[in-house]
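One chain, chain A, appears in both complexes that follow, with chain B as partner in the first and chain C in the second.
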Partner chain A sequence: MSARRQSWGLAFYTAFVFAFLFVPVLMVVLFSFNKTASFTFPFHGWSFQWYRSVFSSPDYRGAIWASLKVALVTVLIVASIGTLAAIAVTRYTSRGREVLRSVFLVPAALPGLFLGIALLSLFIRTKTDLSLGTATVGHVIYTLPYFFLVASSRLLRFDPLLEESARDLGASWWTTFRKVTLPIIAPALIAGALVVFSLSWDEVLITFFTIGSQNTLPLLIYSKVKQASDPSINAISTLLLTGSLVFIVGVRKFVVDIQS
Partner chain B sequence: MSAAAETTAGAAPGVRATKRRRRSVLLLATPALLVLGLALLVPILYLLYQSFIVGLGYGQLQNSFTLSNYTDALKDPVNRSIAIRTFSLAALTATICILLGYPASFFITFRLRRARNLALFLVVVSLFTSYLVRLYAWYTVLGKDGLINTALKTLHLIDAPIGFLLFSKWAVLIAFVNVFLPFTILILASAMQSIPSELLENSRDLGASAFQSFTKVVLPLTTPGLVAAFAYTFVLTSGDYITPALLGGKQSQTLASIVRDEFVTFGNQPAGAALSFLMVLVFAVVYIAVSQTRRYKGL
Partner chain C sequence: MNERAPGSLRIEHVSKVFQGAPAVNDFDLEIGAGEFVSLLGPSGCGKTTLLRMIGGFEFPDQGRILLDEQDITELVPNKRPVNMVFQRVTLFPHLNVAENVGFGLRIAHVDKAETQRRVTDALELVRLPGFEQRQVQTLSGGQAQRVALARAIVNRPRVLLFDEPLSALDLQIRRELQVELKDIHRELRGTFVYVTHDQEEAMSMSDRVVVMRLGEIEQVGSPVELYREPASLFVASFVGSSNVIPVKAMRMDDGAIAVELGGTVVRANASEGVQPGSEAALVLRAESISLEPANGQFRTGGQERAFLRGRVADVRFVGAMVHYRIDVDGTRLHVIESSEGSLLQEGSDVDVSWRTEEALVLPGAPAVPAPSHDDGSDV
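Showing the complex of A and B:
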């Protein structure tokens, strides 16, 4: 009886926690369809006008492009160096392994502020003009640990004997990698790439310092929210949200593939 | 090298081949190490150097050694009160995250069966929901015409909207908890999932009450996860300058916003650098304390 009651209590508590996580965001989605320019209640009826104004605004379009460019280049760089690094750490059988592993995880333990100002100082010192390129450098450092974690957790769970047999049968390192390792870890690499994309798509703390005069989508939203003037914020926020959601559903698909 | 090949080829060539393989494997890490070296280590070392030279403001630096950036940062009474505010806000955020997240993780892990994966997936969705959108979303809840004020007005509990909900340190706290709660739940849930279910059943079979098996089995086994979640939330909240900027009032400056202002507004990089290294020192102490609890628990 009391265990039963306790379970109900826990269930309500958990429901409250989920409501706390989701209600505010769902409000944003709801008001992105509001007919009038009011940010909040009352709700006046359905309309797509804020979405139309997002897509017709050159500011937003420019920011979406900038975000896409930075995220795609980040994914390409991180996926290539991160895959090699994960193979190195998981296949390296020596004491240096743990040290190497911690080195790759360091950026995740530091706040974005710190990475941002460190990069900014160096860019100022080397007289590098801030641009989407310098912003990408920050994103690469920030996302590398997460890709590394996803890729190496998959590599740890597959039998190195498969690779060794291929090598013993005369396959070169490159052939072994292409025909044995890569097909097995591919779903994890795609999942890792999706995680990197959504982290980069969303990054503000480092980008703020390293981008100069251009705007990524989150930075544009930040300045619009600060001015609190543009009713299309709800619509653009919903689009940003949908973007990350699509990616995370993709990750789930690949993670399920990995586990099965 | 497989074991069979090693025995047939003899020990010496086997060892040599293993060494060669080790070296080539290490080579694979080189690109990533180069990137980390050039874009992380070098900038941090340069920042450290900057924290010991004289800043003249407006981005002007003078290459002479000084400790005054650190002593000024430590002596400034404004900094001190902001530091207390920053770290107590961070500790409060981490504590509330655990108070909300621990029972929820417990329920998801031990009480849900078929819905468990769905619940965890929803938490992941929340984690990946744009950080800025989640901050901004509180405007629609706490704002003058937001959810709370509208509800209170409809219930005739208030006549005029309450103005202090948004742009206060409470708004910052609520948003911080909202942002870091998914992390906390996922870390705790993964700690709880690694507890073998027989362990719980056995403790109950041996006569422990539900409460006892919680305090003697679940709690000790999840302590490392708990401490890790606390440390992670503490560090990332202390370093966040966006949330106070969007949701805080005029009095909601944190150490992170001071560092940002030194860099962006005042161009006094050495002062900002010194302050940020003092913050990193605090973070290092927190991380070391965390690793100590882990060793103590033998995990």
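Showing the complex of A and C:
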């Protein structure tokens, strides 16, 4: 009897935890389709008006575009630098490899607030105008370690004899990289790039300090929440959530590829 | 093939030091075009380092490597008309079998039809016809190494290098591939340089075997020469199934030397450097020794034949051959005889004899008990 009661208790507890985790999320999704401008029950019926207002608002369109630009440029820069850095550290260092790897990971461990303030003071001192460009610099610094971690772990498992075989068969260093190394490590690099994109896409703290007068999407939502209760943030949040879910599924697929 | 078949290698006084320790030391060897040469030695003897220097993956500190009289010492791997089959499977996992085999041809911009034809030919040569579209992950270990061989052969290299390509395979598949590799060599008439630590592998396939030790050449010779006339104790104990027994050299006697073994004085051929009164080792191949049931009267040794009395300690029947361990006054002798006729019984007394000229005395004391190569397989 007590075992049975225990398992009931456990089920209740589990349900409670899941509810605690997901009910707020579901509320946002639900009320993004609400007919009226209320954030709380009762629910007045279905409509897409908040989505329409998101897509018709120049504020949102500008912010989405800014976020996309920053994220895509960040991904490009981080993937290039990160791949080369991972190759350098895993292939061409023997002594101090672990130390070098840890140094690369430090920016990820720094508090975002600290990184944001540090960058802001750097930009002020060098009289650099804050813009999407400076925000991108911040994102690159913040996301590079994550990409580096994924890429270097993959490269550490890469058999260097594969590259020697390619060289032996007549391929130059560059051809070997293009035709052998890159295709084999590509799934890991893509997974890393997806992680970088999603980190950049909803980054708030560093962006806040480094972006100046412009807005990325998360910053816009933040300011809207502070100003007034605009139900369109439910719609935009739901859009963000959908995007993130797509990314998670994508990353999972590539991670499975990597492990097999 | 034209008269001056290319592919002759000249390795001139090559030395290589790794972190202060010499890996290869003043190595000097000529390899003729079309020759199958094995570099044989225990791990750490420098054989793989030497092979990698021929392939261009390491560069000598001193000396030169010439291919058909052309200096290739400093050339990078992709500029050498030389291909290697590696120890581990190094097929490209993102390409299928045909794409793997054709990799070198694609790099060399050989046209498509020609590539396809040569890939098909190469796969036929390694006994994998029709494997073009297979994914490399579906291949067995033996098949994968065959594809790796085809991938090397297809480029028509002047020299093929092998870095223990069979060492990761099961014994049976290894033996099969050894036979095929020799056939392929016969068909291609190319120069093969083969690194291995398996003496039977080296002996059974090669025209010449280079026994290496501590980065230096211990002996170069045909398998028969190495087997019959080992130049040193190291070679004797590494090659073939020989008994290597510590003895005391007593006196020179007409070019032969008298040594004491199991309380009996026997004569044997003396190799250079054997001094009367010094430590020495008697090298006696297992199949040179004959056994007969003891018949009471004990014969003594003469000029022609050495006789000893022993007792059968162990009998192992392995098909065509019987392996005996004979205890001769505390010394264990390994003897191989044909299994025809009646076998000797364990515990019975036997007359042990061999022709004097079959026994060889080498200077120095055997450091360790000779490794047993007794049943022709290594484990």
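The rule is simple: the second predicted complex is superposed on the first by the 236 of 260 C-alpha atoms of A that agree within 3 Å, B and C clash if a C-alpha of one lies under 4 Å from a C-alpha of the other, contacts with A are read in each partner's own complex, and residues count from 1 in each chain.
The definition used in the following text is that contacts are C-beta pairs under 8 Å (C-beta built on N, C-alpha and C of every residue); 3 or more make two chains touch, one makes a residue touch a chain.
Being a predicted model, the structure only gives us computed values, none of them experimental.
S.K.: Once the two complexes are aligned on chain A, which partner has more residues of chain A within touching range, chain B or chain C?
M.R.: Chain A has more residues touched by B than by the other partner.
S.K.: Of the two partner chains, chain B (first) and chain C (second), which one does A:A19 touch, if any: first, second, both, or neither?
M.R.: In the superposed model, A:A19 contacts neither chain B nor chain C.
S.K.: One more residue to check, A:L156. First (chain B), second (chain C), both or neither?
M.R.: In the superposition, A:L156 contacts neither chain B nor chain C.
S.K.: So in the superposed three-chain picture, is A:V246 touching just chain B, just chain C, both, or none of them (first/second/both/neither)?
M.R.: Once the two structures are laid over each other on A, A:V246 reaches no partner at all.
S.K.: With both complexes overlaid on chain A, does A:A166 touch chain B (first), chain C (second), both or neither?
M.R.: The answer is second: A:A166 touches chain C but not chain B.
S.K.: I'd like to know which partner A:V99 touches here: chain B for first, chain C for second, both or neither.
M.R.: neither
S.K.: Of the partners chain B and chain C, which touch A:T175 in the superposed model: first, second, both, neither?
M.R.: In the superposition, A:T175 touches chain C alone.
S.K.: Check whether A:I184 is in contact with chain B, with chain C, with both or with neither, and answer first, second, both or neither.
M.R.: After superposition on chain A, A:I184 lies in contact with chain C alone.
S.K.: Identify the overlap between the chain B-contacting and the chain C-contacting residues of chain A.
M.R.: 161, 164-165, 168
S.K.: If you look only at chain C, which of its residues touch chain A in the complex?
M.R.: Chain C reaches chain A through residues 55-57, 76-78, 82-84, 86, 88, 90, 92-94, 103-104, 107-108, 148, 151-152, 155.
S.K.: For a test of understanding, state which residues of chain B touch chain A in their complex under the given definition.
M.R.: 1-2, 5, 18, 22, 24-29, 31-33, 35-36, 39-40, 42-44, 46-47, 50, 59, 100-101, 103-104, 106-108, 111, 119, 121-126, 128-141, 143-147, 150, 177-178, 181-182, 185, 210, 235-236, 238-242, 245-246, 256, 259-260, 263-264, 269, 272-273, 276, 279-280, 283, 287
S.K.: What residues on chain A touch chain B, complex-wise?
M.R.: Residue list for chain A touching chain B: 3, 6-7, 10-11, 13-14, 17-18, 20-25, 27-28, 31, 38-42, 77, 80-82, 84-85, 87-89, 91-94, 96, 100, 103-104, 106-107, 109-115, 117-122, 124-125, 137-138, 140-141, 144, 148, 161, 164-165, 168, 173, 198, 201-202, 204-205, 208-209, 218, 221-222, 225-226, 228, 233, 237, 240-241, 244-245, 247-248, 252.
S.K.: Any idea which chain A residues touch chain C in the complex?
M.R.: 159, 161-162, 164-172, 175, 179-180, 183-184
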